[in-house]
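Right, I'll just put the structure down here and ask away after.
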Amino acid sequence: MTTAMRDAWAQTLIDLAGDNPDLLVLDGDLGTSTRADRFAAAWPDRFLQMGIAEQNMVGVAAGLATLGYIPWLSSFAVFLTHRAVDPVRMLVAQTHANVKIGAAYTGLLTGFTGKTHQDVEDLAIMRAMPGMTVIAPGDATECAAAVRWATATQGPVYLRLARDAGPDLFDGSYVFEPGRVIPLRAGSDVLLVSTGPQTARCLEAAEMLATSGFSAGVLHVPCLKPVDAAAILAAARGVRLVVTVEEHTILGGVGGLVAEILTEHEPRQLVRIGIADTWGESASNAFLLDRHGLSATRVAERVARELAGVGSSAGAAS
Amino acid sequence: MTTAMRDAWAQTLIDLAGDNPDLLVLDGDLGTSTRADRFAAAWPDRFLQMGIAEQNMVGVAAGLATLGYIPWLSSFAVFLTHRAVDPVRMLVAQTHANVKIGAAYTGLLTGFTGKTHQDVEDLAIMRAMPGMTVIAPGDATECAAAVRWATATQGPVYLRLARDAGPDLFDGSYVFEPGRVIPLRAGSDVLLVSTGPQTARCLEAAEMLATSGFSAGVLHVPCLKPVDAAAILAAARGVRLVVTVEEHTILGGVGGLVAEILTEHEPRQLVRIGIADTWGESASNAFLLDRHGLSATRVAERVARELAGVGSSAGAAS
Amino acid sequence: MTAASGDVEANDVEASDLEALARRGRQLVIDSVAHSGAGHIGGPLSAMDLLVALFFRVLRIRPEEPHWPERDRFILSKGHSAIGLYAVMALRGYFPVEELATFDAGDSRLQGHPDMTRLPGLDASTGSLGQGLAVGLGIALGARLRGLGFHTFVMLGDGETQEGMVWESVQVAAKYGLGHLTAIVDCNGLQQYGWPAAPGEEGRGDRRDPLAGTRLGAALEAFGWRVLEIDGHDSHAIVEACDDARASAASARPTAILAATVKGRGVSFTEGRFEWHSRVATADEAAAARAELDLVEDRRA
Amino acid sequence: MTAASGDVEANDVEASDLEALARRGRQLVIDSVAHSGAGHIGGPLSAMDLLVALFFRVLRIRPEEPHWPERDRFILSKGHSAIGLYAVMALRGYFPVEELATFDAGDSRLQGHPDMTRLPGLDASTGSLGQGLAVGLGIALGARLRGLGFHTFVMLGDGETQEGMVWESVQVAAKYGLGHLTAIVDCNGLQQYGWPAAPGEEGRGDRRDPLAGTRLGAALEAFGWRVLEIDGHDSHAIVEACDDARASAASARPTAILAATVKGRGVSFTEGRFEWHSRVATADEAAAARAELDLVEDRRA
């Protein structure tokens, strides 16, 4: 059975709190959605309700961090990466405060809330912010491991959480290492580089591509900053085409990251699949993934089309 | 004699206001720095002081725009792209409101104010925001032309203004066209792709490189979104090395833009010069440009070093 | 009571009709959310009497001409109550009641949060709490500059007043003396999660009132606003307060109407329960609500 | 007056000494800004008596042990007045007065806005207005959780109170009953550009007071704060108000001290003039200031 990241996030914090008396959770009046309410039930004295006032919440966390606390912030991502991004920048990133940003409801799949709530720019924003570690786990296990790592590590961390449960990618032996990229499937025609819950859809797309005779590898990038550029380059070397796929704008996110890495070190063609510089809307998950070309089917179709196009120049690219 | 962009911005608005009764200027209590005070003196009834309350200011502009007004916002960039970015996103970009963002004091050279005020992430943030036109003029003439164009054009515009006067790049015949990129100098060894006031420093660097025997071209990108990708690719074709140079982080700005374009269409090596994912500080302009490798001298040195490196692979790249 | 312009026939609706409309609106909220499988209940229901009174008695609007330049403006700053607004707009004739079935669906004009780029008749896009008053302020300023006589109403949640941006707007609206700007606060005593009430502490259920320890009216007055406190379920009082606000448009002081309401109002099992902030009714619950609201048929039947 | 801990000798400084220190501090501000060629004058000068009283009489601190865990915390939320804070910290022994010559210079610990990652003794980094109170709130909350008895003081500008984030903190601090958190507002009647005063309107020079039309104290009280109003240039009153705040730390209500001040205070040609918000004195002006401040030698001579 699959677990949603928000559930794993809350449960891991509940588990960690026993051994870590400095761990606190601050909520921006969304605990019932983010699952911070579960932490509140387990550790009422370590749960600080901050109300619908996200900027203040971030400042409070920065203040608590100066006393050795490890505050985890909980709200919808967009209210942390937009409404409160000024204090995140000035009070957390610039001071290297030990504040952890639990950014719930990212990407398009935010339970019918629509464009205001769909944070499809957060990776671009947080990646551009000096000093920020940027993590986008692919499943609940990785999420839990990232929460453990972030809690144990000094400095600001942005954790991109998906709302809904997706397939499991990892088992209990998983260990989070900042910057590590994870090959989940080998393939010789195309490498799908992805992050967050989109990675599971890429694995599905790779299966579909296989039935069409294409060999697709999948490289999971759970940490956008820092990132092991050499490992991405190494994984890319063996294939005809590299494609990034993300539930995020194609400007400045994983696509931007890989484009920057490739042009810096080993220039080659890149196809960036993602949200094409446009807004989302209220709709079912299936509708949104299809509309924005991010369902496994749509990804497989697109990749097959692109592979047809690069077929001839395959030699030149490797 | 050179004019600062903020002076050109204010003067152009003063000039435009006569023929355009819908033009308004909203100030976030920084008119004496942004030069909005000059507009206030010329058009007191068209100047709306909004106080130290940038989020509200953006919302007010969105409301005014629904009545056909063309509100120009004036504040330091960081207070618009961070403190007020949530209403910029939701109320301006998502509604395609006819609001113009006059973002003063961008980049590193912000008059000794230091890291809090140095907006070195704004291009990454505004580029990732769907629906936003993103302009970073290179001199006062281009700035004035961009102000005229933005005022005459429906939809949200982000205008990145530099504080201090720099060399003139353009004469009175200049016409702003969204997306246009402007070759300012031809060269066969390297193409420096730059934006904002950094372009003038690139021209100077190109001169220095010439004395060292390198032929450096300079391509000015005053508009990051939209952008004429084909023209960038065309300009890049003739040189051994492409280098982006920006007074901005190397993650997601002009460097990210060009990396995305190159990998999408004509993959090749790119060197991204800019602020290396770090913060600025209070210091003189000379100190800051030197520290971050953005002075003409430092750019020329770095490019010469890089050219030495790619010399051998030049054939493969073109 | 209100001197509504002659072309707004709905303004002749009787108070008793308003109550019937509100009951119908509440049922439409519950059914639409059940149909789409997502949405908010508590806030739309607490605001329903306010919305009905506004759209049927207070606002000078033309549903058939939603962009009429001289219309009063209305902004639902607590945008998560969108379905309440849509239900009332449908009843008022902006679009067919049947369209409510598209709530939250892809390509719908009826987005989870109000989207002015999709649905004519919306004067702002909202959803990020705290923003609507600023837009209303801009509209009111613009109306003054344009010499237009309309009034601008903005509805906020009581929890929403925790957002700093609200207080930026409160201060600036007073500095500009915008008597033709009115904020209506839906004081339903609950927010989404809220602050758990301490044992013995006063609150709604097990949650502290968002305004506990705060005298919202006094704060607004300190910033230069007029303040009216009313029962937000009393149609007569709502209309009277809005008329009072309109009548003092020239007073150079914006008016805040603090409307005491009950979250989830109108259905026994949703009233005063924070859990119903955004729950979806089961078929049985929707039927039970229908019975309580004294409505016979299911519009979807 | 204050029951400062014995190891803080400076707390024994006499009131008359405080005035002398403040005069010296003002000159250091003017000279340091003139030396660096950039910085702020008006705000540091209006806050100088407050800062001197705090650092020499009120705060329980150890300049030689800036990270002493039980120290009182002080946050200059109006971070643009950094040079005023630095001048007082130098006089208090945190670093040599000579170091003020590095103000605003590359690699300096004395950044244009306070940077806690560079200068020990700073309890927050500020510069973006409106943020400091939130950090102070977090520190005060943390002190309670840790069982530490120190007091947290945050200084804001009167213009700064227009920032919405301030009001988020005001509300949340009251909800948590943080009696050991004190906000001091430097009510100097001016901000940077400000609202031009209408003809005949009361103001400072040609600018309307940031708090015109606003009863800041009443607003804070409405949100559950204690409010004290004092003359912000009267050292005795400052110390007394801070002592009062500390004495009521257990009262579950944070205290706001509204300090009436004059922007640019202490030098005739800077007093009450908005232009001196961030002007650099010429050599002649610096000399004139020195004469007025009754100081004989230039520390740089």
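A, B, C and D label the chains in the order they appear, each numbered from 1.
Assume a residue touches a chain if its C-beta (ideal position, glycine included) is under 8 Å from a C-beta of that chain, and two chains touch if they have at least 3 such contacts.
Because the structure is predicted, anything quoted here is derived from the model rather than measured.
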Query raised in the report: Counting one step per pair of touching chains, how few steps separate chain A from chain B?
Result: 1
**Report entry** Those chains which touch chain C and also touch chain A
**Finding:** B, D
Requested in this report: Just grab the chain with the largest centre-to-centre distance to chain A, centres being mean Cα coordinates.
Outcome: D
Query raised in the report: Between chain B and chain C, what's the gap in Å when you average each chain's C-alpha atoms?
Result: 42
Report summary line: chain B to chain D, mean C-alpha position gap in Å, rounds to 36
Query - Length of the line joining the C-alpha centres of chain C and chain D, rounded to whole Å - result: 42
Requested in this report: Check each residue of chain D and list the ones that touch at least two other chains.
Outcome: 115, 125-128, 130, 162-165, 168, 171-172, 175, 195
Query - Touching two or more other chains - residues of chain A - result: 51, 53, 55-56, 78-79, 82-83, 86, 90, 94, 115-116
Query raised in the report: Looking only at which chains touch which, which shape fits best: line, ring, star, complete or other?
Result: complete
Query - Interface residues, chain A side, partner chain B - complex - result: 78-79, 82-83, 85-86, 89-90, 94, 115-116, 121, 124-125, 127-131, 249-253, 255-256, 258-260, 262-264, 267-272, 277-279, 317
Query raised in the report: For the complex, which residues does chain D have touching chain B?
Result: 36-39, 79, 104-108, 111-113, 115, 125-130, 159-160, 162-164, 191-196, 210, 275, 277-278
Requested in this report: Quick one: which bits of chain A touch chain D in the complex? Just the residue numbers, please.
Outcome: 24, 48, 50-51, 53, 55-69, 71, 86-87, 90-91, 94-96
**Report entry** Residue ranges of chain B in contact with chain D within the complex
**Finding:** 27, 29-33, 36-37, 40, 44, 49, 51-53, 55-56, 78-79, 82-83, 111-117, 281-284, 287-288, 291
**Report entry** Residue ranges of chain D touching chain A (in the complex, touch as defined)
**Finding:** 115-117, 123-128, 130-143, 145-146, 148, 164-165, 168-169, 171-172, 175
